[in-house]
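You will see chain A twice below: alongside chain B first, and alongside chain C after that.
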Partner chain A sequence: MKLSLPEKQNRNMETTQDILKSERQQSWREDLRKSMKAKERTSRERVKMLEQDPHIRNKNHTEVNVGLTEEMAIKEAQRCLDCVDPTCISGCPVNINIPKFIKRIEQGEFLESAKVLKETNALPAVCGRVCPQEVQCEASCFYVQKLKKDPVAIGHLERFAADYERNSGNISVPEVEERNGIKVAIIGSGPAGLAVAGDMIKWGYDVTVFEALHEIGGVLKYGIPEFRLPNEIVDVEIENLRQMGVKFETNFIVGKTSSVDDLRKEGFEAFFVGSGAGLPKFMNIPGENYRRIFSSNEYLTRVNLMNAANPDYDTPVFSGKNVAVIGGGNTAMDSVRTSKRLGADRSMIIYRRSIEEMPARVEEIKHAQEEDVEFMNLNSPVEYFADENGNVNKMRVQKMELGEPDSSGRRRPVPVEGSEYDVEVDTVVVAIGVSPNPLIPASMPELDVTDWGTIKVDKDSMQASIEDIFAGGDIVRGGATVILAMGDGRKAAKGMHEYLKEKVRNK
Partner chain B sequence: MNKIVEKEQLNNNVVRLEIEAPRIAMKRKAGHFVIVKINKKGERIPLTIADADPDKGTITLVIQRVGVTSHKLCMMNEGDTLADVVGPLGHATEIANHGTVLCAGGGVGIAPLLPIARAFKKAGNRVLTVLAARSRDLIILEKEMRDCSDEVIIMTDDGSYGKQGLVTHGMGEILDREKVNLAVTIGPAIMMKFASLTTEKYNVPTIASLNTIMVDGTGMCGACRITVDGKTKFVCVDGPEFDAHKIDFDEMIMRLGAYEDQEREDYEKYLETVEN
Partner chain C sequence: MADLTTKYLGLSLSNPLIIGSSGLTDSVDNIGELERAGAGAVVLKSLFEEQIMMEVDASLREAYQNDMIYSAKSETLDYIDIHIKERTLSAYIELIKEVKNKVMIPVIASVNCISSAEWVSFANQFEEAGADALELNIAILPSDENTGPESIENTYLDIINRVRSQVKIPVSVKISPCFTNLAMMVRKIADTGINGLVLFNRFYTPDFDINNFSEKSSNTFSTPSEAGNVRRWMGIVSPRLKCDLAASTGIHNSEDLIKQLLAGARAVQVVSTIYKNGRDQIQKMLGGLNQWMDEKGYNKIDQFRGKMSQAETSNPAAYERIQFMKYFSEIQ
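Right, the complex of A and B next:
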């Protein structure tokens, strides 16, 4: 059996810095730096993403952000100073070599730029669209840290390079090491699982991804709407993994269709659990089970995964006229913007804190506002009412005010006594969060889980209490972002790789 | 892709399909269900597994024609394939020797009741069965149920077969006569509601197996939520079987109709395309 480590893995942090440094000293990088004065670079305004007009896009499902032109991308890439100490990289959960990919864009070598992205990121076109760059790489950018200016548009540039490659029809398949014949199973095909698959296949493993649904992609498919992340783009990145040798099994629920033990008997030597935070939370207030009150998972799954808005597809969805979405996160924004596209006259966000405390990305809130979504902040539903058929027709809402900060550091919402009033609604979407999917933990009683049902792992190796089980993403975090799940996936891949090397050594 | 290897028409509106699904056939126990999607544009619907043959690698589903998807399923033939079948889902029935078990099935609910009756029989119970439907041709799987029951009472609304009356009449006959330790009921929601009210009078613990609207079937969507003992439960991951005496059947019936207008409209449109 042959096992080898990718070079970077063998080196410690210091040498990773050395690699970055030596790459930075390559002549093409030096020439580029000299080609323009720093002052000229920093005097430019940050590029603005091209967008569909708000009142056209809130009636269609095509992408809101249109992308950058080649000229815009090169101009933006020129803003990047190619810093000696690229702080942006440490702001990225998957440590993309940001200056290198941006300088390839500045050079006009867009395909090379895409290759750089794929060195560390299995899903660049996805991350370029849905990552909260404003709190990650872009927040660590020299422009923000030292110049107090708008950061380089790293996210827009990542998207540009990935899209350029896809549209060129010239998609590079990253090199993979010689097959080592060791079988590993990835449970769940969401961002965490795909990140693990991307690394493990590069390192020579025989990788199979098991997915419960009929499509690969997890939350990227059922959760994030077409207007923010087209399914076609997810499919291209998955196809890339397939080209690298990753096998995918849909309609396969590990713990039900086969147990982890069954798969061990079939020769799988390590497992990554990335089964996500499947269970929707409800508020448990009176009337919440009336018809046309949906979880955001149900509402979005019907529209995104099942294509319910397209009359050619069999799955129905209710297209309400007065839609209230409860919650303030990205899923709430996705749901409320979806309701506009399904023809709602009035789409409302009901959130118990103020707009500043909403967990949604600033861009999503801005887009929703532009699309005529009403924001009813400092409001919380207390009861629902229905007509004689059980269809919701009214919600009672209580006003809130902000009190002392709570454990999250945000000011706690406090109900205002006697402030209740009624709002007419015909559809309600509850988007107040999810809990971990219990299917896998329930099928392995010996696995250590927290009181919240998340899997306990070592935070560096992502190894669980059973030695051949690793886990990451929402099943560990309880509800986070695509990129944090991918970061977990990369850590878990390293952990799994170390574990398997040790196992082979001891054989 | 799952191939249909055998098809049998049980009556005008009900078919039995035997489908290739080797892994599910090996794992499945009485009470489990699967989610089926016919083709790329199809919807995901839950169907209880009526039987399985692990050696052949097949599972059996019984489908009643009620809407677009079930109609399409009923029109499929041997050799056709279903795009997606996933399972086995839900908790299996807890099988033990309780003594006497009363199995009450209505209409197409007789199909999922069959493996449960068989399992209770195999565990050494005395199995008493009441099968009910509107009329004679809607009583399905009678022979199979007789094979695993110590006694079978058949009830039809119109008296065209067995005795005239509802499932509750047949159940009452048994409950008046002898001690029953456990009852199991599967059928239309309204039937289960009254079956449950009947056994409650006799203080007989009762299980109802529910078939609600679902999308994913793995706990993700919450479309299947019901109230049991005042708490919200998901039929897919907490069920599909619950203590019948604690189920809020009225709420469940209300929720089952969530898409009835759209479904009726879609079905009428679909029927026009089939007939023309």
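Right, the complex of A and C next:
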């Protein structure tokens, strides 16, 4: 099934608001609104996602969320009021046309719903699973803003539509323009790189994605566990891109295997740097270099990418019975829940602030709690100890209390003097964030970077200080979400497209 | 030509003139120049935990205002203080390593912390990086009316004991004179077994503009008149203590240097005079010391060190004279 290019690309004179208004006035939308009174819609409770039982799923790596059935999806879609002023759209980093895709679900036109998603979101099956909707689209939902009720389950519905399309076999492949012979290189095959690839190939460019690892997908594959985002879903999206003509080169480190200059000599005319932020960070406390203290990067990559949990694979990973994970974000949740699946008796989260302040998705925290993860909030490790073989066997933890707010307004964690106590551990995973991949900036000293090590870009075009270089995702932001990375990718694709058109004109 | 060598914190110095912790000692190139100019040792610019916290606050403000830097849900942003601390610490450790690779003179790392746990963590890392010694820049202004003197003193001692228990390199502490009983405090510090004591730290002084009612700093540089208090206490405590003593504040020329040595110091730390007069001041001061030693017939500093201390001087009471009286004032 072929998609035509989105109509709004041709409607240069209309604003987005005008487009949304005219779409809302289409007869099928009006009919749907008339089919059920607003009062009935708002009286319904949010449909609960079907999940595996926590005590079964904490021993397997199968996806926790089973998914909505068609009936459940339609029922949830009916809660959406198709607002005159859809604030949910402004809550989405890529401005998905949320009411339109939800109303297609209500209509029973699930494939049409997937088409709407793909107008702005290259990887809806991914985003429906990993976006922090509770601070994005769903936080802006009318239900939350005005009615103080549970929002429409936008994320679950997005996942439903994308999964339906994938399972139906009728995956919409966007139309591709005639090839123009201009070669573009994309460095990194994570969400930002895949988003750029998706757009550039549509516009007729000769696109090659260079990936350092042996698998394509970046953090989608090595960082996010199977039980949250099955790799096969990522593979379907990648296969789509292959079908459109995108080429992938794996085990290729730009900056080492070849430099950007080398690639220029091979005829590449523009570059997108989406090399991410995968440099692990530690706390630099005594004993942190004992054995069996991992970065979350290493721990998750071994399991997610290298199949360490599968006895048929050679990759080892030590994951003991008393596992402590330091941190409070999604990576920490992924790590601690992985440890449970690897057989830990105690899987602990050590986080220095309260549970309400943890940056992890609300759903991940809930799932972790259900899976018997112990949350030791207002605690922070100060030292590790080891046995005679150098393997960590004890962690000294200090209690924290919340002090004065820092300049972000969050209360600063302050150590409680004299409150230290010891906890037995045999594995520690440090998940306190990462730094940008230093390789590309180091191989191009003339590239402007920030003090953070991120690449400086123009906010609108994502163009870097070197004119044929564009960048987006974590290498620009330091640490962000999949959807933000994709948004950057799409913006960079537009910027790159304009740059190349100009370059061709001036030849 | 006299022998100007001395030992300080167990380190052999070619002369007793140490460049104190300041902007003069914050880079490899600067320190290289100071060595060429003849400095006996350097104390690296202090690593301030407070400065790290200020950088964290500035970074958080920037991150929350700039939607291109991190997202609110970023784990990295959540632990940005750890990241910045690590980055700052890494840069300081790199500085220690580079300086040690470049110069032959002793390099003393300097640190000022707020939370007691950080002192130890930083100290360990400086030692690993190759610092020859560590100077603890402990500066607690007793401005909190609810915190008693004993509590403040115990904080000093706690920090010193913790750090000393964790590192093998020599440790000194730079203190201010703001103690209820300075002599007692100095004794307590010395009894910890610390290798050295630096008298005195010089605090930033706030000032204000009376025309636009705004705050400003004052007295960035010391003046020679500030050396008097250092001299007094050097003279009083040097005979009593086993640990090495260094004089700091108001030492601007060779006469100031000689006086501190006579009072009992093993070394002096200078900053302001180098800022004001340039690196050539080092040779001027050492030249003056050398000349004076030749005139007086001294071959080594040990021959006269402490000669004017309270224990050695013919008028020990002078050290404890605090009131101006007719018989002691030259002004009638």
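Here is the rule we use: the second predicted complex is superposed on the first by the 493 of 507 C-alpha atoms of A that agree within 3 Å, B and C clash if a C-alpha of one lies under 4 Å from a C-alpha of the other, contacts with A are read in each partner's own complex, and residues count from 1 in each chain.
One rule holds for everything that comes next: a contact is a pair of C-beta atoms (placed from the backbone, for glycine too) under 8 Å apart; a residue touches a chain by one contact, two chains touch by 3 or more.
This structure is a prediction, so every number in the text was calculated from the model and none was measured.
Once the two complexes are laid over each other on the shared chain, residue contacts for A:Q78 go to neither chain B nor chain C. In the superposed pair of complexes, A:E417 makes contact with chain C only, with no contact to chain B.
Applying the stated contact rule after C-alpha superposition, one finds that A:V135 touches chain C and leaves chain B untouched.
In the superposition on chain A, contact is made by A:N284 with both chain B and chain C. By the touch criterion stated above, A:K256 is placed in contact with chain B alone, chain C being left untouched. When the two structures are aligned on the shared chain, A:G479 is found in touch with chain C, with no touch to chain B.
After overlaying the two complexes on the shared chain, residue contacts for A:S347 are found with neither chain B nor chain C.
Look at A:S335: by the touch rule set out above, it reaches neither chain B nor chain C. Shared contact residues on chain A (touching chain B in one structure, chain C in the other): 282, 284. If you check the complex, the residues on chain C that touch chain A are 56-58, 60-61, 63-64, 68-80, 82-83, 85-86, 89, 115-117, 120-121, 124-125.
Touching chain A in their complex are the following residues of chain B: 23-24, 27, 37, 41-44, 68-69, 83-89, 215-216, 218-223, 225-227, 232, 234, 237, 251, 254-255, 257-259, 262-263, 266. Residues of chain A that touch chain B in their complex: 212-214, 222, 250-253, 256-258, 278-280, 282, 284, 288-292, 294-295, 297-298, 301-302, 306-307, 312-316, 318, 389-390, 437-439.
On the side of chain A, the complex with chain C involves touching residues 132, 135, 277, 281-286, 327-332, 359-361, 382, 398, 406-408, 415, 417, 431-435, 450, 452, 454, 457, 459, 476-481, 484.
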